[in-house]
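The following block contains the structure, expressed as structure tokens.
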Amino acid sequence: MVDTSIIAGGWLAAGLTIFIFSFLYRDNPFFKIAEHLYLGAGMGWLFQVSVNSVWIPKIWEPVSKGELLVIIPSVMGLTLLTQFIPKLSWMSRYGFTFMMGYGSGLAIPAGLSTDFMSQIAGTIKPFSLLASLSAMDIFNALLVAGGAICVLFYFFFSVEHKGHLKKVSNVGIYFLMVYFGAAFGNTVMARFSLLYGRFDDLFTFSGSNYFYATQVVLACMVLYFLLHGFFSGKKEDAAGEEAA
Amino acid sequence: MKDTLQKFFKIDRRWIFLLLTVTLFVPIVKPIGLPNKSISQATTRVYQNIEKLPAGSFVLLSLDYDPSTRPELHPMAMALVRHAFAKNLRVGVVTYIAGSTGLIEELFARVGKEYNKTYGADYVILPYQPNILAVMTQMASDLFGIYTSDRNGAPIGGMPVLKGVKSYKDMSLIVCVTGTAILDYWVAYVGDKYSVPVAGGVTAISQPGYGPYLQTNQLKGLIGGMKGAAEYESLIKQPGKGTSGIDALNLAHLLVLILILTSNIILLFVKYF
Amino acid sequence: MKLIKKHIPLAIVFVTGVLTLVSYYVPHKVSVDYIETMNKWENIVVAFAFLLGLISLFFSHYHKIKRKGDGWGYSLFVFIGFLAMIIPAYTSGGKQMVEGVLTPLGWAYKYIYTALSGTMFAVLAFYIVSTAYRSFRIKSPQAFVLFVAAFILILGKVPLGQIIWDSALGWTGQNAAGVIEWIMSVPAVAGKRGIMIGISIGAIVTSLKIIFGIEKQYMGKD
Amino acid sequence: MIKHKAALALFLSLSAPALLFAAKPAPEVKKAAATPAAINGLTAVDMPYDAGNAAILKWPVDPAVAADAFYVVYASSLQSGGWVEADRFAAPAKTGKDIELPFWAWDGSVLEHAVKVELNNLFGESGKDAVFQFRVAAEKNKQVLAESRAVSVTPAGNWFRLDRLNNLVLLIALIVIFFWAVSHAKRKGLFIRRIAGLDAIDEAIGRATEMGKPIFYVPGIGSMSSISTIASAFILGEVSKKVAQYDSQIKVPHFDPVVMTVCKEVVKQSYLEAGRPDSYREDVNQFISADQFSYAASVDGMISREKPAACFYMGHFMAESLLLAEVGATSGAIQIAGTDVEHQLPFFFTACDYTLIGEELYAAGAYLSKEPMLLSALKVQDFGKLFVMLSVFFGMILVALGARFRWDSFVPAILNLFQNY
């Protein structure tokens, strides 16, 4: 049922996963190997994506069909690479300035509309439905509007925050804190879900159909740490922890 | 006394790591079996929107997540497909994230078999497209203008699953499962513009951001994070990875709270006694 | 020389910036065509910018191997990892699955890349827990509010937490899910809105400075 | 929302007689089917403010058409024939009020139907002078009740999106204020209030000097184009100036080579200004790694080995914020952080002694350096915030009053002002 490539994959995945987790105990060569592999594999994945979704369809195919306009951005892109040659590195400015100009030109109106006007509209819109709102809804709408004003005032730098103004900006901080707290809580859940995903995979690979990949790799790691600890003595061990 | 407490405070953090490993791994091996109690309104709305569709309706799923958000989003997508298949709906799948193609194959290889569904008649998987906006706009008039074949190059023209489906007008619902901003695109460029119902499934981190859309009914429902996946699974009465996930997270969440409390109580103690 | 080295690049930033900006307000086909072309061009330039990172990574590890510097052996694995993705990608023509069977690329993606990247981020879960114990200090009223919000969210998201909530706070008539929904849609929205608006104006002003050539640190020194 | 409701209510009341009408005996309907009545007053115009691929059809609302009937819009790109169904909707729907344009750009009335037809969806891209034909029919139970004559229009591309005028006005205001602030800052300087976290910076440097331990300044993983990194470079300038004065030690580990070259200049300059160019060493700035996690792990290692007296984390941070701040806190350093990445702020806030939140980081850079450009940028930001605060405050009051006293065209007008199109 389970063919060899899947079993081999299971062993590889279980191994790499445990190698990276082993860093939590202390830095070790296996983690370093996995980490360097990750660096290379990540770059490799991005490279194949850009070859298959940009270079071939967006540069190679148009050029071979005679659409030569794409050569301009390709040249601009190539100038970026002059960064590595100090004497010519000024050429890279042609590419950079194009990217910065395009990005800035796009960001300004988009920022004004989505983060600026829409947010004002979103804050005052509930009040237009006043007739159909319950007392709680009105309270909430007021809280959102008032809270947003206080937070904005906290970030207002042109006047000294003294007396009553100080109170306004203090209220702002508390709204910020609620938001940070909520973000903290959500992040906890998200990261744990990820960890659960990895553990669940490890559990899958620990089955007999994978020939107990997880257990074997884990046992090898433990053995390595025991032997390493035994031969290099206790002293280094204590120093290793905080570096982790 | 104080010194002992101080020492307790400066405990080697690897003990904490070990504690987390145990609290998270044990429930995977041996589930606690606490039922998911509450079901949020937003998740129920997604469920109802699928539940009310007559058999044979066409639902478009936009599955845009890669392995880094898989634990949260894959169970959701799976529950949605199960629900659609159980209701005998026709399902079309599109994606705008390069990394999701493998996950989609995996999902349908499994759920398709469970429900005895045939590829081409009951569901179709369309290829990855990098340019979201162009595709979304094109599908408003004629989806065959941009998709001529499925992800393996087979022509989709004669497939029964797409019979009578040409544009958004012929679709009953669009559900986008994603950890990116693609759901925003569906809402802004498709849902609002062509008045098709759009619902979504997102990660716990991005969930708070969609409150405004839900409030205005621009989104017909939202499944958020692993909790949402568990809720949906209990709605369709098919516990899966979401349910077992939330079960496993029980103890870990509690552990975090206990740790924060302990450290602060010790702190108070050291300070005032 | 100053013209080619400095003035023309600044002219490029100004012209592309202003044209892109103006195209938002001009609906004419000319402007639509312009922005579509720019989108394509940007896509291509960015693909080269990616090469920048790739080459500098290769350079540094190549030098390490050549000099036999500290831990040069590990640097070999950077290249192995790269090849482990590139070779299957070449043989599979960029496809991850053909007729329900994983191609070599699909295999490499699933068992190497997924395992590595997923685990790298999963490690953060451990650090969150240890931060919670070792450095989450309620040292001010503000930190207390943050703590309360985080506490409710962490507790109320799991069934066990909801059971605890109901038995301890059930008398208030509020359930955990309801309170979480309120926090998310009222005070957290106010906090987020305020901080978001401030940061976005900052970004707008910086973009203006870049277009007008006032901010040019990104160009490096002369 | 309210305008939809109002339109709907109006329609229900208008179509009430029509409902009665519809209940009339069958022969009447048959007669209507035999010779369809006319829909009068159909006009087609170019859709304003678009690229020239849509048209708008208008015709008066006819209360005689039943609410359960449908209007069907046909379009053709040919002189005669070639009709394609472009739209189909319930008779009371789609009036002038339903076209999503603001009041200054569109005068919509509930007394006429207005339908936008996207021609490129129907006929693909068309040539410059293409003429399109339209007609409208009212249908019920697949029987045509009434029909219009055909009208034609040549859609044209427009040169200005009048509906985005609000956005443009705001942008122009920002630019004008920016240049005013720049000239003002150069002549007289601008007032910026003191930012609370800055005292903590002095204190931290003082403590490091007393203890004889180094200071770590971590500029994050941003590139030189992000504002937080730019602000961080200015703060680094001030911090290293103080460090040079106190003859303390500073270390700056780097993620980005370009940021490193900029920071080298900044630190060198500060030592020079403090009058101690002799104490400047090249190894203040070190390049660590361009990979996020290796960078975090190496910096963590350095912090736990060297046990610095103070750690500064200023700039753009992602997941590594947690890794860095936790190790710093456990090693007993005074920690001051500042970033504009919202979702990392909670971790800095819990683990550090002082955190510059979002914009405070930009402001700190401006306050410390007194650079006119930074100060004037901050002024523009303040203006923007003031605008939002006032708009929200007065908008809220006006909209609430409008809703209370039923000023039906006033409330949508205010909301229009802040809407994106």
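A, B, C and D label the chains in the order they appear, each numbered from 1.
By definition in this document, a contact is a pair of C-beta atoms (placed from the backbone, for glycine too) under 8 Å apart; a residue touches a chain by one contact, two chains touch by 3 or more.
The structure displayed is predicted, hence computed values, not measured ones.
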Chains in simultaneous contact with chain B and chain D: A, C
Leader among chain pairs (count of C-beta contacts): A-C
Rounded Å distance between chain A and chain B, as computed from the means of their C-alpha atoms: 18
Where chain A touches two or more other chains at once, by residue number: 23-24, 35, 39, 100, 108-109, 112, 116, 119, 122-123, 145, 148-149, 152, 155, 176-177, 179-184, 186-189, 192, 194-195, 197, 244
Contacts with two or more other chains, residues of chain B listed in rising order: 13, 17, 20, 68, 70, 204-205, 207-208, 212, 225, 227, 249, 252-253, 256
Junction residues of chain C - those touching two or more other chains: 24-25, 53, 56-57, 102, 109-110, 113-114, 117-118, 120-121, 124-126, 128, 130, 134, 136-137, 143, 146-147, 150-151, 154, 157, 184-185, 188-189, 192, 195-198, 201, 203-204, 206, 208, 210, 218, 220
Chain-level touch network, classified as line, ring, star, complete or other: complete
Touch list for chain C against partner chain B, complex: 96-100, 102, 106, 109-110, 113-114, 117-118, 121, 125-126, 128-130, 132-134, 136-138, 147, 151, 154-155, 157-163, 175-177, 181, 184-185, 188-189, 192
Complex interface listing, chain C residues touching chain D: 24-32, 53, 56-57, 120-121, 124, 127-128, 130-131, 134-137, 143, 146, 150, 192, 195-199, 201-206, 208-210, 214-215, 217-218, 220-221
Chain A residues within the chain D interface of the complex: 23, 27, 35, 39, 100, 108-109, 112-114, 116-121, 123-125, 127-131, 145, 148-149, 152-153, 155-161, 176-177, 179-181, 183-184, 187, 242-244
Complex contacts: residues of chain A adjacent to chain C: 5, 9-10, 12-14, 16-17, 20-21, 23-24, 29, 32-48, 50-52, 54-55, 58-59, 69-70, 72-74, 76-78, 80-81, 83-84, 89-90, 93-112, 115-116, 119, 122-123, 140, 143-152, 154-155, 172-189, 191-192, 194-195, 197-198, 201
Chain B residues within the chain A interface of the complex: 12-14, 17, 20, 24-25, 28-29, 68-72, 98, 130, 203-205, 207-208, 212, 225-227, 241, 245, 248-249, 252-253, 256
